[in-house]
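Take a look at the structures below.
In the two complexes below, chain A is the common chain; its partner is chain B in one and chain C in the other.
And then the complex of A and B:
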C-alpha cells in the first residue's frame, strides 16, 4: 500500500494540472498580499478625526444646552445619552494621545456596546450605525451594523483581557493572522474546496491513460481508491503552502499578530458574542476544511466509479460549492432545516464565527453539527464506493 | 500452473472465445499464434480478469479463482501481464518504472539492476521514457514484467519493435524464466522465434484454441515428415503426383509446396531428391513442416 501511495503521490505532484493550480494559488496569494491588502479599508477603523467629529459637537452641545420645561423631548434624550457616550469617546481620544492601546481598547469596547444599545432599539431612526453599512441596495444595514458593533465590542473587550501586544494594525484587523481570519470568513474556504475538487476530478480517471500498466497491480480497487483519496487529501492540504507565502508577505508588512488574539463568536439564541482565541479559531477552521476535503473527495470517488467522467465530477463537485448561493436567503433558517444540508456549511469561517447563524436566523449551524453532517455524508459516500468497488464484475478502468 | 475451463467471450453477439479449455503448466513457454483480431489479447485479458467471460473460469494452482476481489488480488500477485509500451509514463524514468513494479509486487530489488544489465539498458534507464525509441520502450515493458517476478507471465506482442539481437536476448531470458519454473505465455507474430523457443504453440480461429500438433501431427517431434519446396510449377506438381501417387502434395498460399514424407525410408526420400534434381528444382529442404507454413495453411486462403 505504501508503494502505491508513493507512486500515486509522485504522479500527483508531477501532474501539470496540479502544478498549475499551485502556481495560480501562489499568484493569487502574492497578488492579494501585495495589491489588495494595502487597499483594505475597514468600516470600523481607528480614526481620530471621526471620533473628534462626533465628540466635539456633542461636547459643545452638552456644555451649552439648557433644559427646561419647554425643551423638546429629543433634546432631553440627547442630553441623557450623550454624556456617557462622550465619556467613552473622550477616553478613546485620550488613550490614543497617550498611545495607550489597552485603555483605547477598553474605552472602545464600552463605546461599541453603548452605541449599539442606543442605536439598535431606536425605532425613531434618529441614530445610525457607521455610514459604511448603509450602502445602496442593502436592506439589512441596521442588522449588519448591530452585528458589527457587538462583534467589535466583544473583540475590544478581548484585547483588554488578553496579553498580546496591541497596535492600530491589530485593532483594524490588518495583521497576517487577522487577515487569515477575515479570509476564512469570506472566500478562502471556497478557494480551498474548489482546489480540492480540481485536484480530485481526475485522480481515478487519469489511470485510463495507462491501463495496461495499472490494471494488474496486486491491490484491490477499494484500496486503490482509498489511497487515491488520501493522496488527494494530502495534495489539497499542501495547497496551504503557496497561500501561506501571501501570509508571510502580509506579516512582514503589517505584523503577524498573535495566536492569543480574540476572535468573537456569535451565539444566536442569546444575541451575544463570546471570544475564543485565534489558535482555537484557526484549528476549528482547519478541521472543518479537512472535513470538507474528505466530503468532496469521497463524493468524487463515488461519482468516478459510477459515471467515469471527469466533466461530470467537476459538475457534481461544483454543484455542492455553489448550491448555497442558490437557496440562501436571510432568515431562511427559521423556516427550513438548513442545518441538514451539507452545502449550508460551505462558508466555513462564517459557520464557526456564528455569522451564518445570524444571517439565516438560526442557531443550528454550528461547528459540531457541521462536522456531523459532513462526516455522515462522507461515510455514506465511502460505504457506497466500497460496495460498488467490491462487486465481482466491477472494473476500475 | 493456470487452467482455463470452458471460457466463452462474446462481443456484440460474436463469439471471440468459444468454450476454451486449456491448461498451462509450470516451466513451459506457450506460444499463441493468430492474425490480429482473433482473440489472443482477449484470452490474456480473461486470464487477467480484465474482461469478464460469459462462461467458464480461470483456475490458478488448482485453488484460486476470480470469485471475489480478494482472490483477484491474490491472483494478480502471481499472474502478471506485460504492459503496453504506449502506456508508459513519459515524464518519469525507466528505472522509476522498474522500482514501482518491484515495490508493488514486493519482489527482490536486486532484480532491477540485474534485469537492466541483462537487457543492456544501462545507458538510458535513468532518462525519462518520453525520450525512448519503440525498441527501448518495449524492452522496458519486458523488464517491468521480469522485475515483478510472477509465477505466470503473459506477454502480448513482446517482440514488437525489437531488432534481431534483442529478440534473441529476450528469448534467452524467457528460457531462463521457464527454467525457474514459471509459466510464460507469449502471443507473437515472430513465428520462427516461437517455433524455436515455445514448448507448445496454439493457433486461434473462430474463438477456439487449437494446439498446432493437432493440425500437424508430429510437429513437435524431431523427425523428417516433410519436403519443403519453395517454388514449383503446376506441371511439376502434376508429375510428382503421378510419379509418387502415395505422397500427399500440398500447395500453400505463400507459394511453397509441401510433400508429406512421413514414414519414408532413406531410399524413398532419395527417389524424391532424384526427381527434384531431374526437374531442375534446387531450393528444397527436408525436415518438418514449419510454423510459417502451418500458419499459411491455416489462415491464408489459396
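And then the complex of A and C:
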C-alpha cells in the first residue's frame, strides 16, 4: 500500500497540470505581496488629522456654548455627549504625540465603544460612522459601520491586555499575520478550495491512459481510491508552501506580527465581540480548510466513479464553491436553516470570526456546526463511493 | 466531409460533457433569476434611497451653510444640495406615480452631476457619487426616453428586460466558460492517433469538422438561454423588446434591447470560434488540456493585471473578450488614450480567427499528433 502511495504521489508531483497550479499560486502570492499589499488602505486608520478635524471644532463649541432656557434640545444633547467623546479623542491625540502605543490603544478602544453607543441607536441621522462605509451603492453602510466599530473596540482592548509589541502597522492590520487573517476573511479559502478541486479532478481518471499498467496491482478499487484521495489531500496541503512565500515578503516589509495578537470574534446573540489569540484563529482556520479539502476530495471521488468524466468533475466541484452566491442574502438566517447547507461555510475565515453570522442574522454558523456538517457530508460521500466501488460489476476505469 | 460530420454528431450527442454543460447553462439562468429576485434589483425606490444616503454623506464633509445662489457656500456644495433635492423629488415622484416628474428630474440630476465633475474639490466626494461614465449613460438613456415618449419600465424581471441582463452577466464569463468547455477538444483524439490517421481526409478539414460540430453545441447553449428564460413570460410578462439600453460605442448612444442582444450573440459566437481555435492550437502545442486552460485564462486576465498594456497593444483581441464591460464603457476608465469600441473588438477578434485558421492550415498536420 505504501508503495502504491509513493507511486501515486510521484505521478501527482510530475503531473504538468499540478506543477502549473503551484507555479500560478506562487506567481499570484508574489504579485499580491508586491503589488496589492502596498495599496491596502484601511478605513479605520491611525490618522492625527482625522482626529483633529473632529476634536478641535467640538472643543471650540464646548468652550463657547451657553445653555439657558431657550437652547435648542439638540444643542444641549451635543453638550451632554461631546465632553466625554472629546476626552477620548484628546487622550488619543496626546498618546500619539508621546508615541505611547498602549495609551493610544486604551483610549481608542473606549472611543470606538462610545462612538458606536452614540451612532447606532441614532434615528435622527445626525451622526454617521466613518464616511468610508457610505460608498455609492452600499445599502448597509450603517450595519457595516456598526460591525467595524465594535470590532475595532474589541481589537484595541485586546492590544492593551496583550504583551505583544505595538506599532502603527499592527494598529492598521498591515503585518504579515494580520494580512493572512484578512485574507482568510476574504478570498484565500476560495483559492485553496479551487486549487484542491483542480488537483483532484483527474486523479482517478488519469489512469485511463494506461489501464494495463494498473490491472496487475494486488489492491482493491476502494483502497486505490482512498490512496488517491490521500495523495490529493497531501498535494492540496503542499499548495500552502508557494503561498507562504508571499507571506515572507510581506513580513520582510511590514513586520510579521505576533501569534498572541488578538482576533475579535463576533457572537450574534449578545451582539458582542470577544478576543481569541492569533494562533488559535489560524489553527481553527487550518482545521476547517482541511475539512473542506476532505469534503471536496470525497465528493470528486464519488463523481469520478459515478460519471467518469473530468469535465463533469470540474463543473460539480465549482458548483459547490459558487452555490452560496446564488442564495446569499443579508438576514436570510432568520427564515431559513442555512447552517445545514455545507456551501454556507465556504468563507471559512468569516464563519470563524462570526462575520457570516452577522450577515446572515443567525447564530448557528459556528466552527463546531461547520465541522459537523462537512464531516457528515464527507462520510456520506465516502460511504456511497465504498458501495459503488465494491459492486461486482464495477470497473474503476 | 459530410461523413465525418455525421460521425462527430453521433459522438457529441452522447457525450457526458455536453449534457452536463447544457445542464450547467440552465442552472445558471435559473440561479440568475433567483439572484435578481433576492437582490431586488430594479427596485427604483430602494435605489433612490441609497443615492440619498450617499449624497448626505458627501454633504457631511461640508459645513452647513447657505446653499442659495447668493449664499457663501462653494459651488460644489450648492451643486450637491441641489442633487439631494433632485433625488428626494424622484423618490416622491415614484411613490406618487408621476413618471413625467421622475423623468424630468432624472435629466436635471444628470446635468447637475455632469457639472459637478469639473468643480474644485470633487475628488474628495467622488466615491459617494456615480462615475462620469455611469452618469453619461444615465443622461443618454433618460433623454432618449423623453424624446420618444416611452413609458419607463421598472420591472427588471420581465422577459425582454431580463435577457440583456443575462447576456451582460454571462458575457463576462463566456470566454472562461468556453475555455473550460473546449480546453480538451483535441486531447481525446491524441489518445487514439491511429483513428485520425485512418480518416481519408486532411487534418485541416478534420479541424474544420470538429469546429462545426462544437459550434452547433454552442448554438444549442445560446438557444437554451432563450428557452430557459421563457417561464418569466408567464410570471412577469413579455416586456418591451425595443426598450432602450444606454451603451458606449465610441460615443454614448442607446440601443434597443433586440439590437443589444444581437450584438451580444454575435460577440459570443465570435468568442466561441476564437476559443475553440485557440484551444486546438494550444492542444497541439502543449498536449495537455489543463495547461491549455491555464494559459488561456492567464492571457484573459493579463490585460486586467497590467492595464497599461491595453493602451500599448490595443489590437490584442484579449482586451475585447469581456464585451459587456466594453459596452458599458468601463474599459475607457483605465485605458485613457485608446477608446476601445465594440466594432473594433469584432474586427480584431475576426482577424485573429483568420490568422489562426491560416496557421492551422499551414503548420498543423497529422504528423504532429503523437500519443500523449
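Keep this in mind: the second predicted complex is superposed on the first by the 397 of 397 C-alpha atoms of A that agree within 3 Å, B and C clash if a C-alpha of one lies under 4 Å from a C-alpha of the other, contacts with A are read in each partner's own complex, and residues count from 1 in each chain.
The rule we apply is simple: a residue touches a chain if its C-beta (ideal position, glycine included) is under 8 Å from a C-beta of that chain, and two chains touch if they have at least 3 such contacts.
Bear in mind the structure is a predicted one, so any value in this text is a computation, not a measurement.
After superposition on chain A, the partners chain B and chain C are seen to fit next to each other with no clash. Using the contact criterion defined above for the overlaid structures, shared-chain residue A:296 touches neither chain B nor chain C, since it reaches no partner.
When the two structures are aligned on the shared chain, A:326 is found in touch with chain C, with no touch to chain B.
Look at A:192: by the touch rule set out above, it reaches neither chain B nor chain C. Taking chain B and chain C in turn and counting the residues of chain A each one touches, the greater count comes from C. When the two complexes are overlaid on their common chain A, residue A:346 makes contact with neither chain B nor chain C. Look at A:365: by the touch rule set out above, it reaches neither chain B nor chain C. In the superposition on chain A, A:138 makes contact with chain C only, while chain B stays out of contact range.
By the touch criterion defined above, A:310 reaches chain C but does not reach chain B. In the superposed pair of complexes, A:3 makes contact with chain B only, with no contact to chain C.
Once the two complexes are laid over each other on the shared chain, residue contacts for A:17 go to chain C alone; chain B is not touched.
Closest CA pair between chain B and chain C after superposition: 8 Å apart.
Residues 209 of chain A touch chain B in one complex and chain C in the other. Residue ranges on chain A touching chain B, taken from their complex, read 3-4, 6-7, 10-11, 14, 209-213, 215-222, 389-390, 392-395. The touching residues of chain B, when paired with chain A in their complex, are 48, 50, 52, 66-70, 72-74, 76-77, 79-84, 87-89, 91-92, 96, 100, 103-106.
Within the complex, the chain C residues that touch chain A are 16-17, 20-21, 24, 27, 31, 34-35, 38-39, 46, 50-51, 53-54, 56-57, 60-61, 127-130, 180-181, 184, 191, 288-291, 294, 298, 305, 372.
Of all residues in chain A, only 16-17, 20-21, 24, 31, 125, 128, 131, 134-139, 141, 198, 202, 209, 307-312, 314-315, 319, 325-329 touch chain C in the complex they form.
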